[in-house]
Each structure stands twice: as C-alpha cells, then as structure tokens.
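Each structure below appears as structure tokens.
Shared between the two complexes below is chain A, which pairs with chain B and chain C, respectively.
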Partner chain A sequence: MLDLALFLILLTVGYFAGRVTEHRHYKSILLREKASLRLPTVTSNMLPEVDQIAKSFLVSGSCVISIDYFKRILAGLRNIMGGRMTAYETLIDRARREAILRMKYEALGSSIIVNMRVETASIFSSTNQNGIGSVEVFAYGTAIKLKKTL
Partner chain B sequence: MNESAILLTNIDSVPGKTIVEHFGLVQGTTIRAKHIGTDALASLKNIVGGELKGYTKLLQESRQEATSRMIEQARQLGANAIINIRFATSSVAKGAAELFAYGTAVRVE
Partner chain C sequence: MKYTPKLLTKNVNISITHPLREFAILTAGILGALILVYVLLGFALEWVVVPRIPQSVERSLGELFLGNYAVEDSPERQYLQGILDRLVEHEPSQTLDYQIHVEENPVVNAMALPGGHIVLYQGLLDRVESENELAMILGHELGHFAERHHLKGLGRGLVLLVLSATLLGDQSGITQFLQDSLARVESRFSQRQEQQVDEFGLHLLQKTYHHVAGATDFFERIQKEEPEGPLSYFFASHPSSANRVDFLNELIASAQYPIGEKTPLDLPE
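Moving on to the complex of A and B:
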C-alpha cells in the first residue's frame, strides 16, 4: 500500500516537474538558438579562403540530461508495445541542442564552426532497471575567426 | 602550464598555416568514477528530470584532463599543433567512464 502511494507520488511529481523543466528548457533553447543564428555551424571541413583566416581553435560543449520519473515509466510501457518513444526523443533532442549551444557560446566572436561532430553516450546510466536514465551529449568542432567578417 | 601554445583543431589542417612536420599519433585518456554525493543528488534529479549539472561538470573536467595529457605528449615530441582531434567515451565498469582524446601531432609554420 505504502509502495503504491510512493509510486503514485513519484509519478505525479515527475509528471509536473518534468513538464515544467522541459517547457522552460525548450523556451531557453529556442531563445538562445535564435541569438546564435549568426554563427554558422557546418559538419563539412570546407575552409574559407586561407589568407582570410586569423585564428582557429577547438571548441566543445557538453550536457548531461536526465529523464523524469513519469516519462521513464511511460517509456517502459512503450517498450512492451513497440513504436516511437517520444519520451526519449525529446530528452535526446534537448541534450543535443543544449550541447551545440554551449559549443557555440565557447566560439563567441568567431565567424564559422567547421567539422562539427556530436557524440552521444549513456555512460552514467542510473541504477534503475531499464538502464537509460540520463544521456550525455558532447559536441565539438573547429571555430575559425576571419580577418574581416563575412 | 602554457597550453595555449599548442594549436588544436579537429580538421586535417591548421587553417592559415602550413604543416612542416608530422609526429604521428598522440593520445590522452582518463577514467573517472562518479562521486557518491553527486550520485545521490543525481538520483533525486532522476525523478524530476532535467540537467545533471554535477555530471556535466565532472565530464567536462575529465575531458579537459584527457586533452591536457594529449597536449603534454605532443609537447614532448616537439609539436606545436594537434590536428584531427577526436573524442571517444566508453564505460569500462559500472559507474566509471573512460574519456579518450586522440589526434595527430604536427609542427606548423
């Protein structure tokens, strides 16, 4: 009985807190993405004209995000029936975008980021049954500063 | 430490400079275990979801450590830049993560 009550409490807390956190996070991501639109990030290693380049350096950003209790249960149910796991999709999407934003923030003042790579790992999977509790995303690339802006 | 002297890029050149000498592979690695305090906090965070700041910081520091080891190796070889840097992550044991950085040490002018 006590177990059930605890489970329900966790579920409710997870649902509401998770929703609020996610909503807030997405809002901040959208805002910052809009602000950093001027810094193009490409995955190719195509370089601008060599004589224009003033400086180049490695930039990186990382983020570890955890899923909330409610979504974890939801994903567990989904596991039985199969299909798209939207609960995890938003988790990974948030982590990736956050990591890329942090990388861009490190490259402030540069003109372009080339050869951007994104790595995902779930190394700190928590003790729960399903494994994936949190995901780590690491983004890195080479920031290039031009002598005169594009 | 004067790490700023070594140029780091993850493309196969240092833009604006020419490579005059190759020294081959350099690598740096570190294995970190999670801290019990951070872990307790993280399991609380696991209920509400959201960013696990402690882990983000831990991983960042570990990656920094792996990178400085790689830089140290390059410096010993007499290189002044590392190109084509790649990062890899793996979990060697439960609760411990290995962070690995590798690249090619070169001298540029």
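Moving on to the complex of A and C:
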C-alpha cells in the first residue's frame, strides 16, 4: 500500500515537474534560436576560398537531459505495447537543439559553422530499480571567421 | 549557394498527443489484458485443473506446507479435534482426513491447507468463548475444503506471481502498480468465496448442534477490534465483520434456524 502511494506521488510529481521544465526549456530554446539565427550553420563540408578565411576552429556543444518519472513509466508501458515512443520525442528534440545552441554560443563572432554533425548517446541503466533514462547529444562543427572584405 | 536562415516554427519531430491520454489508453489496455488472462487462467484452474487433482497429490501438497506447523498432540489439540470430528460426521460428502493444528502465534487467523489440515492460531483461540462459535469457525474452514478454495487460491496466487514476474520484469514501479490492481480484483473474488463458506459453516452448525447459537458471536466480538493491530491482516481478504454478521443473521432468519443454549468452551491447559 505504501509502495503504491509512493509510486503515485512520484508519478504526479514527475508529471508536473516534467511539464514545467519542458515548457520552460522550449521557451528558452525558441528565444535563443531566434537570437542566433544570423550565424549560418550548415552540414555542408564545402569551405570558402582558403584566402578568405581569417580563422577556423572546432566548436562543440553537448547536453544531457533526462525524462521525468511519469514519462519513464509511460515509456515502459509503451515498451510492452509497441508503437511510437512519444514520451521520448521531446527529450531527444530538446537535447539536440540545446546542444546546437551551445555549439553556436562557442562560435560567437564567427561568420559560419560548416560541416556540423550531431551524435547521440544514451545514458541508461536498468540495473537499479530507478533506471536512468537520459540522453547526451553532442553537436560539433567547424567555425570559420572570414577576412573582412574591403 | 544562398543561405536562408529559417526558424523552426512547426516541429514535426514531436507528436501532438497528450501524455495523460496516452498513459490512460496504455494502462487500460495492459491492465485489461492482464486481468483477462488472470481471470481466464483462474477459471481454467477452478473448473478444469482443481477438480481433477487427486487426493494423493493433495495430501503430498499438504505435507509440503505442514513443515512450518508443528504437530504436537496436546490435550488442547485433542479437544479441538473432537469438536471438528463431530462436525465432520455431519458432512459425509467430505472424504479427507481432517486434522487440527494449533499455532502458537498471537495472530487472529485460521487456515485451510491442502490435505485436510486446519491451522488455528492461538490469537484466535484466545478470543473464542463458546464451543458453538468455534464450531462455526471450523465449519467455515471445512467449507473451504468442500469448495476446494485452498487449492484454487494456491493456483491463482501462482498465476499472479508468474504473470507479474515474467511479463513486467524488474520495472518495479509498473509491476507494483499492476500487481496492486490485480490484488484488488482477487480480493473481490475471495470475499465472495468467504461469504459462500460462511453459509456452509452455518448449515453445518445447524446439522451438528440442531441450533445456531453463537454463529455470529466471534465476528461480533472482533468487529470492535478490527481497525487496528494484527487483526487487519486477517481481514484483508475477508468481508468486514459487520457485513458477515448481517449476512449470517439474514440467513438464520430466512432458514428459520432455532437459537439454542451455547456450550462454553472448555479448553484444557
């Protein structure tokens, strides 16, 4: 009985805390994406003419996010039935966009980021009973600062 | 190549479903399926397997359980056995060799184990005042044997265990949630069974003593103690004592059973 009560409390807390966190995060992501819109970020590996480049360097950003208890349970149930893991969708989406934003932050002052790549790793353990359900997203690319054209 | 900065406005990577809606659908689906399997297996055991278990198997099952309960032939046990034997004489359909065991434990409980073994806890004996109410309790346990509940309960418990262990594995939260829900369904079943055997016990009491005095005494007495202590254990799967008393009184009234003189309990030390 106590176990069930604890479970329901965790479920409720997880649900509301998770929703608030997610809402806030998305708000901040949208704001920062707007602010950093002027820094072109492309996956193309075509470089500008070498004599135009003043400086080029590696930029990277990584982000680790976990889902809340409620979504973990939801995902567990979905795991039995199969289908789209909607519980994890926002987690991955947020982590990806956050990592790219962090990478862009590192490239402040550059003209462009080329050859951007995104890697995902799951940080997961099912050994203890409250298994961790987190992802790390790592975004990296080459930031290029062009010479000022006269 | 011209670069066009584009702000993400509509996100195709996220499904537009409410998580609570999804949770409700999934829980209902899985719980429904589990309950269905559980009930079907339960019925299969009740109607197909249990009636076919031979008594030899039942006896060896009983030996298995009885290891926990010492068989000590005290005068107290013989006295209780005497009451039981008298009841059994009036229930010729029962073919098992019934034996009483007294367990030195303050818990207020009695159990019917496979093989015709009835375990009475000391806590229960301490609260019984007349032979008639003890006979009612024994009749109740004999009812469990007549309906073969002792084997059915065993089977369903096994189904529950296997189901939750194999299906849900170590995801403790979900297992707990589903298990508790199933346990609730199970206690519904068992409450109906308890009522059934209360009725059996009452009829047996009438056949043996030719009156039903004391039938409700025990339940009335423990009703006052119910909310606290070791008693809550006993009542988890049973109907509340108030309900049982009402039910028995209704039966007594409709069958017009006479109420006679109670025999005081004479437990040897």
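In the analysis below, the second predicted complex is superposed on the first by the 138 of 150 C-alpha atoms of A that agree within 3 Å, B and C clash if a C-alpha of one lies under 4 Å from a C-alpha of the other, contacts with A are read in each partner's own complex, and residues count from 1 in each chain.
Here, contacts are C-beta pairs under 8 Å (C-beta built on N, C-alpha and C of every residue); 3 or more make two chains touch, one makes a residue touch a chain.
All figures in this text were calculated on a predicted structure; none of them were measured in a lab.
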Next item on the list: Would you mind checking whether chain B and chain C clash or fit side by side on chain A after the superposition?
Entry: fit
Checklist line | Winner by number of chain A residues touched, once chain B and chain C are compared | finding: B
Notebook entry, point to check: Is A:12 touching the first partner chain B, the second partner chain C, both, or neither of them?
Noted result: neither
Notebook entry, point to check: So, A:71: does it touch chain B (first), chain C (second), both, or neither?
Noted result: both
Note to self: After the superposition on A, what does A:98 contact: first (chain B), second (chain C), both or neither?
What the structure shows: first
Next item on the list: Look at A:28 in the shared chain and tell me whether it touches chain B only, chain C only, both, or neither; answer first, second, both or neither.
Entry: neither
Check: Looking at the overlay, does A:43 come into contact with chain B only (first), chain C only (second), both, or neither?
Finding: neither
Margin query: Looking at A:142 after the superposition, I want to know if it touches chain B, chain C, both of them or none. Which is it: first, second, both, neither?
Written below: first
Next item on the list: Compute the least Cα distance separating chain B from chain C in the superposition and give it as a whole number of Å.
Entry: 12
Notebook entry, point to check: Both chain B and chain C contact which residues of chain A?
Noted result: 10, 69, 71, 126
Next item on the list: Name, in rising order, each residue of chain A that touches chain B in their complex.
Entry: 10, 13-14, 17-18, 21-22, 25, 45, 47-48, 50-51, 53-58, 60, 62-69, 71-72, 91, 98, 114-115, 117, 119, 121, 123-124, 126-128, 133-134, 136, 138, 140-142, 144
Item checked: Residue numbers on chain C that touch chain A, as the complex places them -> 1, 3, 5, 7-8, 11, 13-15, 17, 19-20, 22-23, 26-27, 29-30, 167, 170-174, 176-177, 180
Notebook entry, point to check: For chain A, which residues count as touching chain C in their complex?
Noted result: 1, 3-4, 7, 10-11, 15, 33-34, 37-38, 40, 42, 44, 46, 69-71, 73-74, 76-78, 80-81, 84, 86-87, 89-90, 92-93, 97, 112, 126, 129, 131
Checklist line | Complex contact set, residues of chain B against chain A | finding: 7-16, 34, 42-43, 45-52, 55-56, 59-60, 63, 85-91, 95, 97
